[in-house]
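Labels for the chains are A, B, C and D, by order of writing; each one numbers its residues from 1.
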Amino acid sequence: MAGSVFGKHFQVSTWGESHGKGIGVVVDGCPAGLSLSEQIVQKYLDRRKPGQTRYSTPRKEADEVEILSGIFEGKTTGTPISMVVYNTSQRSKDYSEIAEYFRPGHADYTFDQKYGFRDYRGGGRSSGRETISRVAAGAVASEVLKSLGVTVAAYSKEIGCIKIDETKAELGNIMKSPLYMPDLEASRKAELLLEQKMKEQDSVGGVIECIIKGLPAGVGDPVFEKLDANLAKAVMSIGAVKGFEIGDGFAAAKSFGSENNDAFVMKENGSVAKMTNHAGGILGGISDGSDIVLRAAVKPTPSIARTQKTVNRQGQDIEINIRGRHDPIIVPRAVVVVESMAALTVLDMLFVSMTSNLDAVKRFFYR
Amino acid sequence: MAGSVFGKHFQVSTWGESHGKGIGVVVDGCPAGLSLSEQIVQKYLDRRKPGQTRYSTPRKEADEVEILSGIFEGKTTGTPISMVVYNTSQRSKDYSEIAEYFRPGHADYTFDQKYGFRDYRGGGRSSGRETISRVAAGAVASEVLKSLGVTVAAYSKEIGCIKIDETKAELGNIMKSPLYMPDLEASRKAELLLEQKMKEQDSVGGVIECIIKGLPAGVGDPVFEKLDANLAKAVMSIGAVKGFEIGDGFAAAKSFGSENNDAFVMKENGSVAKMTNHAGGILGGISDGSDIVLRAAVKPTPSIARTQKTVNRQGQDIEINIRGRHDPIIVPRAVVVVESMAALTVLDMLFVSMTSNLDAVKRFFYR
Amino acid sequence: MAGSVFGKHFQVSTWGESHGKGIGVVVDGCPAGLSLSEQIVQKYLDRRKPGQTRYSTPRKEADEVEILSGIFEGKTTGTPISMVVYNTSQRSKDYSEIAEYFRPGHADYTFDQKYGFRDYRGGGRSSGRETISRVAAGAVASEVLKSLGVTVAAYSKEIGCIKIDETKAELGNIMKSPLYMPDLEASRKAELLLEQKMKEQDSVGGVIECIIKGLPAGVGDPVFEKLDANLAKAVMSIGAVKGFEIGDGFAAAKSFGSENNDAFVMKENGSVAKMTNHAGGILGGISDGSDIVLRAAVKPTPSIARTQKTVNRQGQDIEINIRGRHDPIIVPRAVVVVESMAALTVLDMLFVSMTSNLDAVKRFFYR
Amino acid sequence: MAGSVFGKHFQVSTWGESHGKGIGVVVDGCPAGLSLSEQIVQKYLDRRKPGQTRYSTPRKEADEVEILSGIFEGKTTGTPISMVVYNTSQRSKDYSEIAEYFRPGHADYTFDQKYGFRDYRGGGRSSGRETISRVAAGAVASEVLKSLGVTVAAYSKEIGCIKIDETKAELGNIMKSPLYMPDLEASRKAELLLEQKMKEQDSVGGVIECIIKGLPAGVGDPVFEKLDANLAKAVMSIGAVKGFEIGDGFAAAKSFGSENNDAFVMKENGSVAKMTNHAGGILGGISDGSDIVLRAAVKPTPSIARTQKTVNRQGQDIEINIRGRHDPIIVPRAVVVVESMAALTVLDMLFVSMTSNLDAVKRFFYR
């Protein structure tokens, strides 16, 4: 019921505020025997760290993770893994102004309505720093998945109106682009767009695509616990995500059955494949063995320097200028967050799928 | 863990196959004291009943609901409400053909992979008839919501490439259109498209929009249990839905911060409102008091009469012609299903929101 | 959240009232491929059927189960199994009297306080008939367990002050005793006690013991999800159960460490065993491979014919004589209910245990 | 699914090992607006701190709690409260011996069977230090309950064979007894028993009783989510607890209906009461407004200095002498743990009960 807990088997409980003592997560339900260390988790966290390009907030944070429990002699023990990133840059600056009004596009107003008041320092619990917990937990899930042959990879597909050209996209390019775009030409165009919008004190959105490879067929449950439904919830739970697609998504709505159906075909090795993948790897909510393809629409950063209209807590119409420098775009830093949420979801459902078939259960216990 | 259970407070457990004895649902967690009868639930079910227009399957089913428990003297007792719709048209026709191959766009292959075999009669558990349970449960949720001043209404926004003209749309038109479109001119154009595609033995998809009015601010939880995340899961769990948007959705990704932010403004009655609603009524995962607006992309019906390529269980490439008449479009019948899933979600989260604030909890117990 | 749903993996949703149309259950999460039929489930239900001995209510109910979904060609499909037992003996007798007051030891008063009113016909939802759903679901769980080599067996250990003599108890006797006692001499003594108390218009309680054999070591989770904690909840959720023990239970509190510790010892076949089983087969919440032994204390039937003091809904002190004939003891009919709850719990936790160890998970997916 | 998460509304996620960096808990779902500080939580923790009497382990631990999130200006914000107690006394002593064998009565063997290996330093995750998390979370729950007029109080009722005399027991005495017994004469006798058993290198168990006052009628759900069933799970999840009773518990099994039924009676103020409380404040799983009375049977500490038989990881029968000084009895330090688990359970179910009645829900939203 509580909002900061995710997953059933592989269960994650997150905590922390932007300007509190730190941000953390407890991962419960990770199988025993996985090699894990702070170095491994740190690699994932570094991909969302601020201040790495001129397109992200210059807030100075090392975002170094410390593991407090659940590891013994370099391996997970099967008991809860507690991880924390202490905040180091929470200067005791004056937040009295921001405390007094509701920033457009932010959760200030809704937090006040829900709880009666809010920790207003830097966004408090609704700050983007909350995603540190998701990435740390997602790192553990990704490592488990890797050991089972499943990989999850995301990238920026669109930045504002700039879209990658599929024919020029290469996964190897992602880390070369400051915007995590697999098409470097598109990446350069997107940088120009960002420069312009930064000058205009404005912000930009985009679309993130995520591909899951190696997932066996049979993962996901019919009716309410469809794999795509769970992925949708996981990805839509990331702040700033306003839309979700699996496979062809909204384009499927404009397509016809004769175009949209993926024909099955036998592969030379005797396995079943599909000639196309409009479905995005999921049929009836269950993985079909082809790549899972999903997309998230990310809104432009709500914190912009331009003058904006809003109201204050005293019920007056006012104009505000949000100070400080903010990310002109969230998309690149959100790439690893989408990946993390996808990994958490897929792993949880993979575990659940182990009991679908009585013969498989028997084999497990009578091995 | 099991796939056919939905919700936490207002918990729904569904069962049944297309050609089994019936389809049903158990609703647990409905508050005591709601007026409820088979007549009330039937009204919702009639909106998804087959055979009402030439654009839906002519399968003859009265789809009459029977309530087996949980009602006493016309009111819910707070204990489980069991509802069943017996199947009447499950002719013992020969399904041996369909049993042997995997229909493109259907869950035949993934069910076989997951469970080892499947009830192949008419789609079994992955049949669209499964949504009867959703609508029956959604009817109860909608009635509870109505008593609390919250309404949920959905309609067809796009059929294939035909889109409603917002300036001509009127909610009053929805029931006048065989396609549940609020713009009757668009509805007529869409009918022409459907006629043509039916001749071509093809099928059509579309977009459903749903609007929730009257929901107080403060519903939905931060982080993983955001209201929009839960709505996404609920709606994406409907078979054939491939995309989900809240507010401006994917358009927000192409928008700039200065355009996408909704300015707050004081209303004459002293309450806070927003000048626009790009956010779709949710900020930081929490309702802001304005209308909740969501959309679902529905793929074209996978069952088409045209010759299609696929493989059979023996691992041979074959060509098939699916016999029988199927819905050339699912969208209109899915409208009430989207509404139902939205109602189930919103009610559950409304209940959860009752404990956000200690003062409100105290008022409840010390009244 | 809703009270009538049990389990996580193997999830059970029950419904129905004593004098409504029927009593039923939906079982979701049963693996595909289990042989199941109405005949199999009926055998379990027959053990709790009323009217079989002079020590149970003579209410005439065949309690015949009908399976409505989830079975195809004699096997479970992995989708929800809906089962119903229609009530046949719910005579429209006059319940106006019982509606007006609160029976001591029953849930009349608490239902009224919780819901504002109640379905007062024969106890409504709080009737013992509710356990039909538990037994039907437990039958399915027991069959799955059996296929995995795990058996669950319960019997009456004490009836009032009459206790079985362990040296004379044989499991083979259980079905020969009308009270399901494994010591036939104790059974005869208990029958005499019951005859006497029936004459005195009084009722008797007792203790049920349940033994689970064949459960592998490693089932149950540390901290909150201990196997014994879950068994305690499951068994204490049965109406009339007032106490629960695992292994030596309350006797352990009077024992010393040197007596209560079970020494480990090597068996000839090279496996680890314990020399004694004071722990009841669970150490640190996790099964240790020896028999699981638990006990439930059952209170005497609250419905007695003697004059009792109580109050009515008008707030007056009154004296009542509950009419009709009731079970003078619940224990024998509750034996199969305890067994069912134990089976549901153990199966659920057995499934959960499949992901404790990464090597085992790898073996499952890379088989 | 994961074993270290408790509760639905008020959800608690615990972590940490005896000799790791620390022990902690994340509390999610606490309403906003509760006054909370480290001082408040510390008071509860001090009651289970080691080394306070000669009857507990002399391990030197300050057990000082630090709150890392969820509090702003002295009040809970409604977001997760992260609390940690760093271990200060985890000397890097040689654990290689203990690593090699399975201590009787401990979870060494079952952890190895479940996970393949274990963090053997001081019991790792199965150490009694795990209960620090329970007490810290329970402190928050108790404070919320207090603000709603509900109190939870526990004490030692039996130490070995020494039982308190109800006529001499006074709640005011509890804190005066080193064993938390409300009857000081019994306390002195129990001290003598402990002295003797300590000399004999043995350990002692006992019974803890807990009383919940001020809980309104109507809390708890029928069927599986009965209040007593949830209390049983919560209390049985505490390591070393082997039995649970509500009200008369096992004594009720030997009682007759005419003795065990609690007659209802009108009080002068016009409210309904019971003349006796054999039921322990719960009828049909729902609180009836009288005191909730429960008991837990605690086994003697398994760590004793005497020579014991066991086996080692190499599969050899061996004799061991566990070194170091251990608690000769767990009961007194477990008193506040039982209280904590009861508070967590009651608060969660109190929240759930808010939606039982539609009229009450309407009043909440239309206030």
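The rule is short, and it goes like this: a residue touches a chain if its C-beta (ideal position, glycine included) is under 8 Å from a C-beta of that chain, and two chains touch if they have at least 3 such contacts.
Bear in mind that the values here come from a model prediction, so they are computed numbers and not experimental data.
Q: Name whichever of A-B and A-D has more C-beta pairs touching across its two chains.
A: Between A-B and A-D, contacts are more numerous in A-B.
Q: Among B-C, C-D or B-D, whose interface repeats A-C's (more than half the contact pairs identical)?
A: B-D
Q: Please compute the C-alpha centroid of chain A, do the same for chain D, then give the distance between them in whole Å.
A: A distance of 38 Å separates the two centres.
Q: Express in whole angstrom the distance between the two chain centres, defined as the mean CA positions of chain A and chain B.
A: Chain A and chain B have C-alpha centres separated by 26 Å.
Q: Specify, in ascending order, the residues of chain C that touch 2 or more different other chains.
A: Residues 1-5, 8-9, 14, 29, 32-33, 78-79, 114-116, 125, 216, 222, 352, 356-357, 359 of chain C each touch two or more of the other chains.
Q: Quick one: which bits of chain B touch chain A in the complex? Just the residue numbers, please.
A: Listed in rising order, the residues of chain B that touch chain A are 1-6, 8, 14, 102, 104-107, 109-111, 113-116, 125-126, 130, 158, 160-161, 197, 200, 202-207, 217-226, 228-230, 232-237, 239, 242-250, 252-266, 270, 272, 275, 279-280, 282-289, 297-304, 306, 308-311, 315-317, 352-353, 356-357, 359.
Q: For a test of understanding, state which residues of chain D touch chain B in their complex under the given definition.
A: 1, 8-9, 29, 31-34, 76, 78-79, 144, 147-149, 216, 222, 350-352, 354-367
Q: Where on chain B does chain C make contact in their complex?
A: 1-5, 8-11, 13-17, 20-22, 24, 26, 28-29, 32-33, 68-70, 72, 75, 77-82, 84, 114-119, 124-125
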